[in-house]
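As structure tokens, here come the structures.
In what follows, chain A forms one complex with chain B and a second complex with chain C.
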Partner chain A sequence: MVTLQDIHFLMPEIVMAVGAVIVMLAIAVKRDYTLSYGLTLATFLAAFGILVLNPTETRPVTELLLADPLGKFLSGLIIASAFIITIFSYPYFRIQKEVKEEYFILLILATLGAVLMTISNHFISFVISLEILSVSVFALIGYLKKLEISIEASIKYLILAAVATGFILFGFSLIYLSTGSMSLAQLTQTPAEGSFSLLLLTGLGLTIVGFGFKMALVPFHFWTPDIYSAAPAPVSTFVATISKGAAFVFLLRLFYSIGGLNNDNIWVVFAVLAIASMFVGNWLGLQQKNLKRLLAYSSISHLGYLMVGFLAFSDDGIRSSAFYLTAYFASILAAFGMITYLTSEHDGEPYMIENYRGLFWSKPWLAAFFTLVLLSLAGIPFTAGFMGKFYLLSSGMSAGKIVLLLSLVVSSTIGLFYYLKVVQVMLTRSETQHEFYIGKHSILMQAVVAVLFVVILWMGVFPSAFLSMIGM
Partner chain B sequence: MSNFPLEAGMILAGLLFLAGLYGVMIRRNIIFMLMSVEIMFNAAGLAFVLAGAHHGQADGQVMLIFILAMAAAEVAVGLALILQMYKLNKTIDTDAISQLRD
Partner chain C sequence: MGGGLLAWLSASFSQSAPRWIALLALIADFLIVSNIWVNQGGVSLSAQNAWIEDVNYSWIPQFGMNFHLAMDGISLVMLSLTFFLGILSVLVSWKSIQKNLGFFHFNILWLLAGISGVFLAMDMMLFYFFWEIMLVPMYFVMVIWGHENSKYAGWKFFLFTQISGLMMLLSILGLYYYHGSQTGEYTFDYFKLLSNLPNGSTAFWLMCGFLAAFLVKLPALPFHSWLPDAYAESPSAGSIIIAGLMSKTAAYGLIRFVVPLFPEAAQSIAIPAILIGALAILYGAKLSYAQRNLKRLIAFSSFSHMGFILVGVFSFNMLAFQGVMMQMVAHGLSIAGLFIISEFIFERTGTLDMNEMGGFWKNMPNMGGFTLVFVMASLGLPGLANFVSEFLTLAGAWQYDVLLAVLATLGLIVSVTYSLRILQKIFHQSPSVKEWTLPDFNAREWLVMGSLTVAIIWLGLFPQSVIGTAQSAFDKMELIQMESQDQPQEIGMNEILIETNELSN
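What follows is the complex of A and B.
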């Protein structure tokens, strides 16, 4: 039965669903880009406000969903990121020669899917939210439909995401066959510790493959650089942050509730995926000249780091993962936001690292901001990324996973090189310097950049204040 | 529903899944790739129905309905993209669309 309280809990999702319909109707009445933009911002603001005002509690909401602090925190993070992505999208799509109002409907729906995924507690609700998310993302990636690479990227993503969904579904069916339940709440009690039947192991293995695709863990990462470089920059941001974060949360819920990490085989599989992602991501990142591809490899390695928190298999691990996800979201949002910020009608998206040569001398503030973001991605002290890694290390340390910790430290050192390479390019003065003809950006856009700047610093300098704020 | 051949059904589902996966990997025609993905989904659906019957629950069948619905949604978007690809490239061969390489 759905009670009034449950409806209360679901209000943010309801607001977003209604918001998508309102934007659609508004387009039917009057096609106005700024109007759809405003309505979308209002939708996200309302959803975020209601979410914050809702009490934090732990209880099942119907059989399908779950109210808990982790879900609430991540829903908030996702809606806030979607709000920021909306602001970045506005100037980016304004200059495109395309019917562009519908973009915001897709953005709201994709966010709705991601938020539902973070509160899912059942295979059915997960599968539905996954599809709401992915089908919207297919359309978002191919949104600039007159560009061949955009369609190519979209089709590639569609096929790979569908195969991944197939793996997840088949894995779920085997889990269901061996446990007799699709609800995570009931999976908790089912298998005795560490003694998994072959059927259940196969099911979990197939699920891991599917999630590996969704989260772009090595060796399932091949799509990432292609999609990131071909999709519009705000959409790449979305795929890099929101869709990965949401998939990670469900993976965490599934394996924590079934106790999958008690099984040595599964633990080793995840550890191998994590270590491979760290090294391969950072190694391939070294050779990139395209900034969007570089960020793609960076995100692969970051998901590898995140798995350290997951593998700690403790409440501490959940907390540090949540902190790390926030730091990662803020840094990646800011990095892609930088590309969006410098996109202009005159010369399109500045996606090559070379485009940034001498940025320090032409636009010192932006360059300083970008440097901070890159340092945060690299994990230099006094940035969010550093504290995130620190918490991951400490949660891994208490779980005694030395190999993982060593790989994290060594691979971050490799990663440091390519982030610093970008900084060095920005510092080099040269004759062939790229001139940016960016128009005047709105106050909102500048405010968002400033907020991200403050968040990255704040999380790096006063992490405990941040941790107590998220109440975890 | 006490004695039905669960093993045989699951083996069929597994074979269908592998056939679909094989199809996605070796086919170059994008329509066939989509069809192969559908086969993978339906294999999972079959496995869900069998598992549901084995446990005497309706959940497996509910899941099948959702799988069918989401497969339809996915194909709708997929076909729209394929049409657009055909407009731009005059082909639906995946080898023809390989600009994204580094």
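What follows is the complex of A and C.
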């Protein structure tokens, strides 16, 4: 039965669902881009406020959902990121010649799906939230429907996502067949230590394939660069952060509850995926001239790093993953935010690295910001990215997974190459002037950039506050 | 101290006269440090507690990280060197750096802040942070203001040091968990970690992480490929700092961390390490002799001299440690002198190719005279600082292993060849390409070179000032080391201690 307390807990999600409807109705009454933008911002703000005010507790909410600190922290992270993406989207879509009001509905719905996924405690709720998320994301990717490349990316994502969902569903059904349960809470008790039937293993293996696709782990990563580069920059941001983060959380819950990492085979599979992602991601990033593709490969490698925390299989591992996700979200938001910021009506998105030539001399502050972001992605001390990596290393070290740690270290050094390449391009002098870009007129966007700047530095230098937020 | 420095830095970023601010900040720092030296140097010699200053704040309590800075004799000497060379490098770039002054001095100051932080940090994480802070500004200095091929050099430098730094991070973490699992207290504090040392293969692998960082930065023999590019392509202020100070942070790390934290493991690799050091001395000298580019020549000579540090550290006795200490200071001064001269020549002629130079003595007798001093210093002429340090190091190494010491000593002979070649090529041989008519030193250049020369001669004649200051710190370290080892050592530490004291009195 749903109690009043449960409704309290679910308020952020309800607010978002209602918000989507309100925006839709508002569009029906009067088509106004700014209005629907304002309503969307208000929705996210309200949802975030309620979420923060809700008490932090650990209890099941109905059979399908679960209230716990991890879910709360990540929901907050996702809603805050969605808020920032909304701010980035507004000036970006204003210059597009499309019907653009509905974009925000899709954004809210996709966020709703992601938030639900982080608090799911049951296969059913997971699949439903996954579908809410994915269907909205198909539409978002292809939103600029006059661009053929956008449509192509959308269809690519649609087909691959459907296949992945198929794998997940089939895996789930095999798990159900062998354990007789679809609730994570009950799965905890089912398999005795270390004894996994072949059926259960197969089921888990199939889900790994599905999740591997959702999180773009190597070798399921082929879609990422295409979709990142073809989708509008704010949508790429969404796919890179929110949808990956949410999938990761459920993966964590599933395998931690079922104890799958106790099984050597499964552990090795994940370790191989993680190491392959780190190396392949960083390796392929080296050759990129397209900044969006570069960030795609960078995000592949980051998810690989993230798996180190996952594989530590401890409370520390969960916390370090949560911290790393925060750092990763902040850095990727900032990086794609930068692309959005410098988009101009005339030239479109500055997606080539070449477009940033000489930025350091024409726009020193922006370039300093972007340098910081890249250094954070590379994991240089005094940035959020370093603290995140440090925490991952430390949790991996306490679990004694030296091979993973060494590959993290080596591959992140490979990654340094291409981050530095971008920095060097910015440092090279050139006559290119960066005059007309949308960030110039958006005070909100400038504020967000400033906030991200502070957050990345703050997390890098004084992470204490963030650490206590994730329950240390 | 270090904190005050950081505050200075942020202020200097956007000022219109960053040069003066940078200069004044550094002079202020230098004065503070010399003040400490004058006031406390004598006292701390006899005191049991070798720590002159100690600052400790909580930083990230969840991880047991503290903002812990402490200063002993070694740090004090190194800090003075840091600020002294800092002042010089600002003075040297007075004319040659004209673009983006604010950003340049911002980077230089950050760089120096990182270096002085490394010399002070007593929390392993803080040490790592300072270690890494040095990288980014150095990279910028190299890439923006460097010579034509500086991008490649900056890249190489950054990658080498970054990956080795991460190896060290892993080791630091390993130490942290080792200590935590043994005592239940998770901390990065140097002194607490010292109280509970790992042994056996754990110690060996952890040490390897530290060694990776220090040997790359030093650089030691197989890891030196970033060096010629980085040294030669940086602007001179960068070269001075990287050769005079950054390589010293590695030497400092070896003395401060590797030897006390992993005494047994360090003993076990002593012979190969000394061998590497000795080979580096010879190989560096040979490479140096083959260079046409003045800066590359100096770079390889620096590489060669760093071999002495390796030899000294792994000889494990007081004499050699003192030699290393002296070597850090003396080499810092002499290499700075040589780089400054190369900068002055470059400013005048626009080239660093020695084949195009020649006959400079006619026009610039003053510069020639100063060059002579530094060339002599670098080849180890008695009376100059480098002689003292090399002599002490070799004497220490002799006690440890005669054969290797002899090998290292050969390096001294070879160094004569390339050092004299500088002088001969630039100042004496008849000009091959064209006749140069060049102005001699102006007042600023006199000031820079004069102060360096005074320092180097003074240290050559009265090395006691450095040796005495560092003595108490070394005593303390030896004590710790002996306490941590229950079984008797193969080297008679006490005998050597007494011997050194006699020598230094």
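Rule of thumb we're sticking to: the second predicted complex is superposed on the first by the 458 of 472 C-alpha atoms of A that agree within 3 Å, B and C clash if a C-alpha of one lies under 4 Å from a C-alpha of the other, contacts with A are read in each partner's own complex, and residues count from 1 in each chain.
One rule holds for everything that comes next: a contact is a pair of C-beta atoms (placed from the backbone, for glycine too) under 8 Å apart; a residue touches a chain by one contact, two chains touch by 3 or more.
If you're wondering where the values come from, they're calculated on a predicted model, not measured in any experiment.
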| item | value |
| --- | --- |
| Which superposed partner A:427 touches (first chain B, second chain C, both, neither) | second |
| Which of chain B and chain C A:262 touches, first, second, both or neither | neither |
| Which superposed partner A:96 touches (first chain B, second chain C, both, neither) | neither |
| Touching partner for A:410 - first (chain B), second (chain C), both, neither | second |
| First, second, both or neither for A:180, with chain B first and chain C second | first |
| Which superposed partner A:127 touches (first chain B, second chain C, both, neither) | first |
| Touching partner for A:362 - first (chain B), second (chain C), both, neither | neither |
| Greater residue coverage of chain A in the superposed arrangement, chain B or chain C | B |
| Sites on chain A touched by chain B in the complex | 123-124, 127-128, 131, 134-135, 138-139, 142, 145-146, 148-149, 151-156, 158-159, 162-163, 165-167, 169-170, 172-174, 176-177, 180, 182, 225-226, 229-230, 288, 290, 293 |
| Of chain B, residues touching chain A in the complex | 10, 13, 17, 20-21, 24, 30, 33-34, 37, 40-41, 43-45, 47-48, 50-52, 54-55, 57, 59-60, 62-63, 66-67, 70, 73-74, 77-78, 81-82, 84-85, 88-89, 94, 97-102 |
| Chain C-touching residues of chain A, taken from the complex the two chains share | 375, 380-382, 386, 390, 393-394, 397-398, 405-406, 409-410, 412-413, 416-417, 420, 424, 427, 462-464, 467-468, 472 |
| Sites on chain C touched by chain A in the complex | 59-63, 128-129, 132-133, 135-136, 139-140, 143-144, 151, 154-155, 158-159, 162-163, 166-167, 169-170, 173-174, 176-177 |
